[in-house]
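Two complexes follow with chain A in common, the first pairing it with chain B and the second with chain C.
Showing the complex of A and B:
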């Protein structure tokens, strides 16, 4: 074991004190050592496997090394598949032991609010510096009193469409249907040619809510009033939305989607069996990265036959539902300071920019400043994602995105309301059923 | 004259000195306790503790990270009025009953076939076990592809055989989705029945069959009056295990349908997971899990009584 001489130790602590006193990265770099944390501080970060593999490689490689140099913190990044993350978080929080930082999706932060450290200082500082957060990012990570989690990013969800098939119907990106009526009319013609639209009505955790919640909002339907208590689902607007959905499903949609999981529409689009589906940019990015594998029925690369567009709107407007991610620091972490400093560092402009660029537009960022990033000029097909998050709302509207909203998502009440009607239940009965379920959920 | 030779008594040779542990273990009751101790510890840790913890959770309002307070039977009252729970109860009973009947009939049929002498018997017996050996999640993913609305090999086959003219929406139609999960469960469970029943069949003496044959009994009569009565106790134990496992089935439905469409395949376990993990309502999840208990207890008691009667006949 190497002995540390008393004089060396004094020198080292002196350098640290100077750096801390000088403050900022310049001081740290001048000292050549991390002043804040003892050498050997390690953070365990549990995160989802990224759809864009190069982003995880960046974090596990260059950013890990940069973090060690800048903060003196060793980063241990554990990536696991999405469907296993919530069980891991549940067990960690319940056992009060586990990773220092937990990546959460949707409004999970609200579920574990009592077990999360307050990150208002770092979240507010970043929000102020970057032009404010998108509503979706704030709704899921802030309970109105404090920031429960540090927003990480938002995955944009738009319709991905087949350019050549829509062109045959006289539809292009700039005259894409703005209303559900127009969308249904085009879809009817396309389905007749064996090119239906695709939208899951199954228990698909991401694509189910991302498709049906904004559809409900666009008709003026909502789960609950702004007080977060009065259930308001059973309304004329919701019933109308269900009636229209049943007809639209029959006219324009692929009935097989009744059983699609989150990958179902990806498979169908890549196999040229559907013409349009609501999804993240993953379909296009995969077609782009494997241009030789995915081709159209004419043999042309599929990537050259895609464009993105927002969901159509209804009588109450146009909305979207994007998928927000955030990072939680559990209260079981004895000293949350290193985790906070890491998140502050990771979300600093220079560092986050590297990660954001590696996403190639798959992520739209949590704050508005990223709308101006040069990444949106690289590929015109990805450009519509730039401002996608602006129309985003989250589950629980018009109330908060709290525990009841999470239970409603988890039980697929809204998705199943439409599914029941499509399966033959009277629209009024399907809405009544969903309303009754919401009343029980919101009663607590 | 008979002479009786005096036999000198054997000299008592003292054995090696026994330690206190050896002396302790010479007491059969204490030895039995020692031998059972590892099992008791394992059962206590992995069965009794979670069970007691489950009961404790179900009578509180615990959610993830928030220690709950005692609320009595409030959670059970909640699930009692929960429509999705009612659907899950019905689905679980239907799923368990139908799969058990099919697994028993097909398993018995397979066991009778495997009990015959034919070339490659050993290989075939090992091969039959494959569905049971492959991890459930893995095989269910393969089935998921076979039921996929776009890529279903089953639809492709039926279409090319001219049996169907449009695709079957296996997992999208509520009725067909339940049939699909039943098919996969039966496929996975039949080998367990077959191999277990085969073991039972092999304990039946061939002489009994020969005697029955000499008396003029035909194949069906031999099965009805010789094989079945002797196989019944084993069968009941297998059915008991199978019912318990099927009632608490999770992986298969979770992977195949996630309980959808519109809860058409929602089971106790998938719904408990949805509430306990998905929503963080641990106490309600525990209450749903425990709701299985009285039903299973009833099934187990009825079957054990029946097994005892069958054994004493």
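Showing the complex of A and C:
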């Protein structure tokens, strides 16, 4: 936590008129209670730059002011691109100095478990009040003994599809393929017309795992047994999944996607070169916010030619991999109380609701209560995201989403297993290679 | 005359290349064919009959010069400049055209009919780009000055003075340059915290020399070795102390080497990313590489127009420095290579 600078202190408390003018006293009176912390307490919150710019504007503007009035805490929000966050967290934890609250993606909380303050009190209270957490949110932020981090949100991942192109094949949102076989059959026809599906096989930190982990699970494949130690990847189910993926890739997918980063499928879909891709709502929301910029090949707005659908299922069921975010309070923060109070306040229904509404459905919330939010009634195209998180699993299945699972994601072992096979390796060999890699990771 | 003819061939070949590209674009094929017809036949004729024209004196081999030097170097320059051209064209291309596929009708990948300055305006008004430029300039200049000063003294000492372990110290310095920054940023974070330098330009001004000093030292060591010892010895015989011989004899001769080390150090500081990302937190303290990617890459959506505008404007100071000192720079590099 950082002490406020002398000049800022003068600005804040120099005269009553200044405070009143800024709404300080009025705000305190309106809140009906005195601020919890003395004026001068400042929190530094490091977070991802939000895909929805208005959400960051809300936090840096109105919510920052509300926080000052309600808690007496000055909020200093630093937003940076996702690729840089892990380096910042690592250096802060190592140097035992840095932001008071750090936003983590996926299961990074497990990587830094020993250096994180226990937030069980605020996390449990919120979970009880809001109908419980989704499994994904809990798997990444709870180590089975305590809450390592306060779940922030989950970004839903679904297939975004071209309405008119699928309609030509007789496919609509309500009869969208439920199995990989049907999906492949439709894709084969569409690829023949120059409208392939798109799914990266490269090291794209979001789209890679979000596409291939649920595919593996749907065939019955899994990284480890429930004990979290016995590697179980090399199974008949996994080999079958790889064999099918190789054929489906050739039949239905854009083969250029071998080199796509996270932005690759966005670019291809917005450029009308692919008909379907697994993604968050970013493609649709961008097409909607800039309807004049993004159009179909016939010139009509692209936003009017999109629908969302869940990934197809396999012999073992239908699964998804949604991307969870959580906030960490490191132990180097001398007094974690203000940070905890801030997170408790931010996740109170009225405050979080403002942020959630600004997301327009891009975020599905970490707790089940947000499934009933009116935001889902605004745009029918976004409606499938409402219940998306219910089918979510997380990496490391059937074991916990611990350190080894995080390392497996960051080394892209599962994605590379499919990539090797698609590039010509025998499916059995690709699975054997990935299994051996997992054995090394889980042994360490 | 022969020079002009030769360059005419190069221009004609370039125009023919543009013609081929344009002709492959259906909407503009007429222009492409026109360019092809206008330039290719004369270019081929000149290429075929150039020797017959006997524009060169006896003993000269004009074919060799054109085929092995000028035409390849033109192609090379074209390839090297293409990324800058792409940055410029993406900067001025309206959003509507940015996501058009190559096979779309009326698609012009290499130019735009509707140039716009919106991306530059957005970059300058919605982000703190000008502050980032100022920060980057200040940090790069200060880090370069410190590194050059230390590198000069160390380079001179290691190449000219005889003392125990001089060779192994030189190798040691070189090895420190090989340690990747992705490993060093973690222990350096500790040091930055201990000295309470976090989130200030000093964090970078004092950490950049950790990789710049070894670099400058090695470059300058090589250069100093290429300067004859006799120059210095003459001054010493005339009664100049070592520091005077160094300052008034060796350093002026070594100016090309010093400038090239300075330019390299400046460029490395300007483009540095990981330390700037880790040690700076406030938006108004950031440098260009970190600021631009923090603000203009949102999740899986890249704001290409603004990103390219940032890259373009950010590369101007470096290009400016290079263009002023290019001759010294080239002779500096060749000098050190000779050593």
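Following the convention adopted for this analysis, the second predicted complex is superposed on the first by the 409 of 444 C-alpha atoms of A that agree within 3 Å, B and C clash if a C-alpha of one lies under 4 Å from a C-alpha of the other, contacts with A are read in each partner's own complex, and residues count from 1 in each chain.
Just so we're on the same page, a contact is a pair of C-beta atoms (placed from the backbone, for glycine too) under 8 Å apart; a residue touches a chain by one contact, two chains touch by 3 or more.
Bear in mind that the values here come from a model prediction, so they are computed numbers and not experimental data.
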Partner chain in contact with A:280 - chain B first, chain C second, else both or neither
second
Now for A:351: first (chain B), second (chain C), both, or neither, which partner does it touch?
neither
Look at A:267 in the shared chain and tell me whether it touches chain B only, chain C only, both, or neither; answer first, second, both or neither.
both
Scan A:407 for contacts with chain B and chain C and give back first, second, both or neither.
first
Using the superposition on chain A described above, determine whether A:87 touches chain B (first), chain C (second), both, or neither.
both
Contact-wise, after the overlay, does A:202 reach chain B, chain C, both or neither (first, second, both, neither)?
first
Classify the contacts of A:426 with the two partner chains as first (chain B alone), second (chain C alone), both, or neither.
neither
Does chain B (first) or chain C (second) touch A:112, or do both, or does neither?
first
Both chain B and chain C touch chain A at residues 87, 90, 94, 267, 271, 273
If you look only at chain A, which of its residues touch chain C in the complex?
44, 46, 48-51, 53, 76, 78-84, 87-88, 90-92, 94-99, 206-207, 262-263, 265-267, 270-273, 279-280, 282, 286, 290, 292-295, 297
Chain C residues touching chain A in their complex are 95-96, 99-101, 104, 185-186, 189-190, 192-193, 198, 274, 277-278, 281-283, 290, 293-295, 297-302
Residues of chain A that touch chain B when the two form their complex:
86-87, 90, 93-94, 111-112, 114-115, 201-205, 254-261, 264, 267-268, 271, 273, 403, 406-407, 410-412, 416, 419-420, 423, 433, 436-437, 440
Chain B contacts chain A in the complex at 63-66, 78, 81-84, 147-151, 167, 169-174, 177, 257-263, 274-282
